[in-house]
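Read through the structures below before going on.
One chain, subunit A, links the two complexes that follow: it is found with subunit B in the first and with subunit C in the second.
Right after this comes the complex of A and B.
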């Protein structure tokens, strides 16, 4: 009982630390828009309009499905302190399994079975692409940030080769896959235009929240993430853990690609890359690597992104301005983290010299006013 | 060329130095004078504030309040560079030499000039070698030196810029009895040159033997000072009583004889009961165990020994001579490339940590913070860390928090772990309580054999006593202990037999039966290490 207030305070501060950077980013983003001679109020109001009102909220939820699954995939890897930055390639490979093999498979296999096979195929494709970074990490301790990133470029190249080569729709002048029949796409949730993938994403978030926080596997992964030395000490198989965590992460991100094509895109063009993972990254950290806590944050970004494209066009801004806001969130998140950590440690967050001159300044002012 | 140009017969005086960290006042209005030509002993338990005071003098920390005066002038030591410019040199407890560099390169590291002047540096090293009474080969790699010689190089480094004050932070903690005598001779020569020396120790007999005056810190305060005149008048036992009274205050009566012994007032003697090894079953047997290590670790080479039921087998050796590899290979964390490990007549060479854990082989690591515990997790989780996924704590793969909490509360009571609650993050506990968490976890639930690596390193004296008693009890109740330690007194106090390890090989074994064990162990260590390069 006695711990409840402190738990509440802890939760409140976690929420505050997640929300403050977002608010600051919106404010500073507004100032930048103002400096560019455009109207920030109109921009933000239009984002709200095009992202939420009318039936627009459904478009936001459709976008949310792949974003959320990618976010959970990143969370799994990051909780194990494995920095899987190969999400780009893993996502595209997962997508190309559905877009490339889907049309042929649906022609010969009953719909539901084909759907399951294709989505599993997406997950496997994403997982397979993590084997090389996992092997190098486990065997030689090679930095997985570099290897997974490089594998991502290779993956994107492979996807392009496939779409321009064997998987190309011969009837189209530009390289793209055959368009999936709309009857074969994931069905909409009753009464909406939101496909079943959204529900699947929510279920994945809930399941992984449980797995990570309540099961022995989740705890082993957290121990491994906290300290590889401790993991070795308590008898956790580090090599197996690296492969497993990497594969889980890649599988989820690949699955996100499959869901996006099968639920929304219906075909894949060469060089198509929505860069979902880049956008999701800051929110994963804002949610403190919790699969459930990331849901509202991803929801927020989905509205921002859905409404933002039209809003940017109408305000006369570049669509890429959305990435500026995401970048600002990252910067303010880092600053907020730094300040709160220093405060928790009872340290000043200013360099010693700066602090001395600043406090000195204030001292002289207060002394003067006291006189 | 004058040897120590900046030296004056002055006084460095600290006035009301206060430094607080969150939750603890490390230094509370400490005032003391450091006089040139004297060895000033600074005594106190771990956590008494010695290190903080030193880092303030060395410019690594800034005091919250208080002043430092050198020759009557107030000086703000705002950075290590200022400390060096003021002639304050520090020899830290652990080597700060770069192993891959030669002695000369190590000494010239702090040289601010654009071009390195080797000739002048060699001249300076010659001067200092003469001063210290040591012969130091300028072109030897730091990694090739014995520990005693490394320390001489560290002292030379501290005196490099013509020091007025030499600070030695627990310089004897890693040395053999023979090397300590060398060090004492060097300190006397430095003192004779008119330098001030601060000598930090927690061993009373060293303080009396080497110090001209003594200051005792407790809980961040200066609780006792014995001046030069007073110390000269006191006999050794009178001085020790005075220091003990200051160190322990009102706790002295409670601690009783233990206090004197823990504070290293007397030479250590064995405290465990003698056992007849012939009648005891062999619990653990190593046959020609060798490892192939990762990175810069020292491996063990052809190590063989037996540990009997009820026995504490000590392993003596300088830190980093293969102790971790030995502990890990016994615990199952590291594979051996040759040899066999026999436990209770069964071959466990191929078994991993979890299987050995189930058989009763346990390991209390010396890296309590980063290996033994996960600081960001609760005390309760840390107490069941080696039983993740096992009943009764996990049911159908899901954690049963009630069972974990019940076990945690049982162990917290049994081992008197001071923690606000079982849900407190383990990283916030003091070092002593973290060690209790480790001991509780390892010695519960069917432990038959435990490897402990430096079990009392960095702990306060009361916890040291407690940890040693726990180990003695464990052995007396039929357990077996492999005790790896760099503290000779500890080994002599606890072990039935002591083997000496050097560069991964067992170089000698000593039965701990009566006087002179420490010296015999020291001879093995010296023969193996110092002998090579002297």
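Right after this comes the complex of A and C.
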């Protein structure tokens, strides 16, 4: 019982550390907008108007579905200290499985079965694309940031080739896949215009929260993430771990692509790339790699992105400005992390290995103040 | 195909295309090499290149002078790397996260600014004045392709040679490598890890900006949003494969340039590959190289690890 106040304080500081960087980024982003001769207040007000009011909140939730699944995919990789930055290609490959093979499959197989097969296919496509980076990492320790990124560029090219070649809808002048029949799309949740993929995303977040924090597999992954050497010592097969973590991460990100097409997009154009993964990245860290804690943050970004498109048009900005805000959140996040680590407020959301040397300096202070 | 290979106009165009594609990459990779040798992983190259490209484009567009554009582009690179200097070197924050942030901000801000100012006009810069080297420029094919490049080309080559020499032969180069190999030894020898790494980060930024500027001013003669398109990441790959040797950086960059030129040339032949294959080709070559030579990629032991005196 006596622990409750400190637990509350801990939770409050965790929330503060997640919110402060976002606020700072919005303020600095506003100053940049002002410097460009535009009106930041109008921009931000319009964002929330177009992202939340009326029926707009439903559009935000629709966007949230793929974003949340990607976020969980990134969390899995980062928990295992594997920097899977090939999310771009993995997402597009997952999407093209549904958009390219969906129309043909729905014609011959009953709907529910086809849906399951397609979504599994998306997951497999995403997972397959991580095999080479995982292999190189496991065998030679090659930096997976680079290999997964290069694979991502190749993946995007493969998707374009497929859409312009065998999967092209011949009746369309622009290269794109056949449009899925609206009856074949994921059904809406009762009474809303939000498709079932949103529920699926929430379930995935809950399941992975449980798996990562309550099962022996989750513990093994955390040990592996903290130190592959110690993992080997306690009998964890670290080579297998690299493949497994990478494949899980890629599968989730590919699945996100499938969900987005089957729930919302209904077809895929060549060169279509929404850059969801880039946007999700900071929120994954802000949530301290927790699949449940990331849900409200992703919800916030979904509103920002949904409202941002129209708000940007009306303020005379481009929607790419959201990239600047996302980048600013990342920067302020690390600064906030630095400051709070100094003040020893609690656990950190940065991967252990990378911040060990920073905290080493302040360890003695921490120990003294905890006493 | 064979008559095409003997065609001097084609050969000249081929060499020019290969050089044009490899120079921005080489410049960025040299910068990345200095940074990585000193123990700082600069994942923001992509964004810094875009910032350098955009500022160089705007400057040259308004002044009409390519040299001023080049200078401003590389200064913009230095300025954008100040973020990394403060956050990564001085405060020891996560280099991967900050690098990604710089890339995202660079992509976002250049795209927004370009679309705001030039979307309707999409102006080009024209061709930079060429600098003909007497006698050599008279050689058939090679003379026209190599010895009639712009002065900027020769300036960049000179810079590369100077940096290679400084890294290998000077005390400064030794300090740089010590900061990446074993920072505590540099500290013990009386050097300052922070100062050496700070210099390395700023120089890396200057080179990334220079690479971007070259891309905008010489290679494409214009700016388009997201024009760097992964070249920054290829620069990091090349840095890893070259193990800190500038000559290898130059050679692998040239190999990349040749791949790009081959892709373009294949479009002229009966093969007529789709444009997407040509865009993918360099990345596929990079990936194959990584698969084949992964065993030989060596990064400095202290890469991406902030230095704290006395920490174990």
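Simple rule for what comes next: the second predicted complex is superposed on the first by the 342 of 371 C-alpha atoms of A that agree within 3 Å, B and C clash if a C-alpha of one lies under 4 Å from a C-alpha of the other, contacts with A are read in each partner's own complex, and residues count from 1 in each chain.
Here is the rule we go by: contacts are C-beta pairs under 8 Å (C-beta built on N, C-alpha and C of every residue); 3 or more make two chains touch, one makes a residue touch a chain.
Note that the structure is predicted; figures quoted are calculated from it, not measured.
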Touched partner set for A:216, first subunit B, second subunit C, both or neither: first
More subunit A residues in contact - subunit B or subunit C: C
Subunit B versus subunit C as contact partner of A:327, first or second or both or neither: second
First, second, both or neither for A:202, with subunit B first and subunit C second: neither
Touching partner for A:19 - first (subunit B), second (subunit C), both, neither: neither
Partner chain in contact with A:161 - subunit B first, subunit C second, else both or neither: second
Overlapping contact positions on subunit A, where the subunit C interface meets the subunit B interface: none
In the complex with subunit A, residue positions of subunit C that touch it: 43, 83, 87, 91-94, 96-98, 100-105, 107-109, 111-113, 115-116, 225, 230, 233-234, 236-237, 240, 274, 276-277, 279-280, 283-284, 286-287, 290-291, 294-295, 297, 299, 304-308, 311-312
Residue ranges of subunit A in contact with subunit B within the complex: 3, 214-217, 219-220, 222-223, 226-227, 229-230, 232-236, 345-346, 352
Residue ranges of subunit B touching subunit A (in the complex, touch as defined): 21-22, 62, 332-333, 352-354, 357, 363, 365, 367, 370-377, 381, 385-386, 388-389, 394, 397-399, 421, 423
Touching residues (chain side subunit A, partner subunit C) in the complex: 32, 36, 83, 85, 132, 136, 139-140, 142-143, 145-147, 149-151, 153-154, 157-158, 160-161, 164-165, 278, 281-282, 285, 316-318, 320-328, 330-331, 333-335, 337-338, 350-351, 354-355, 357-358, 360-361
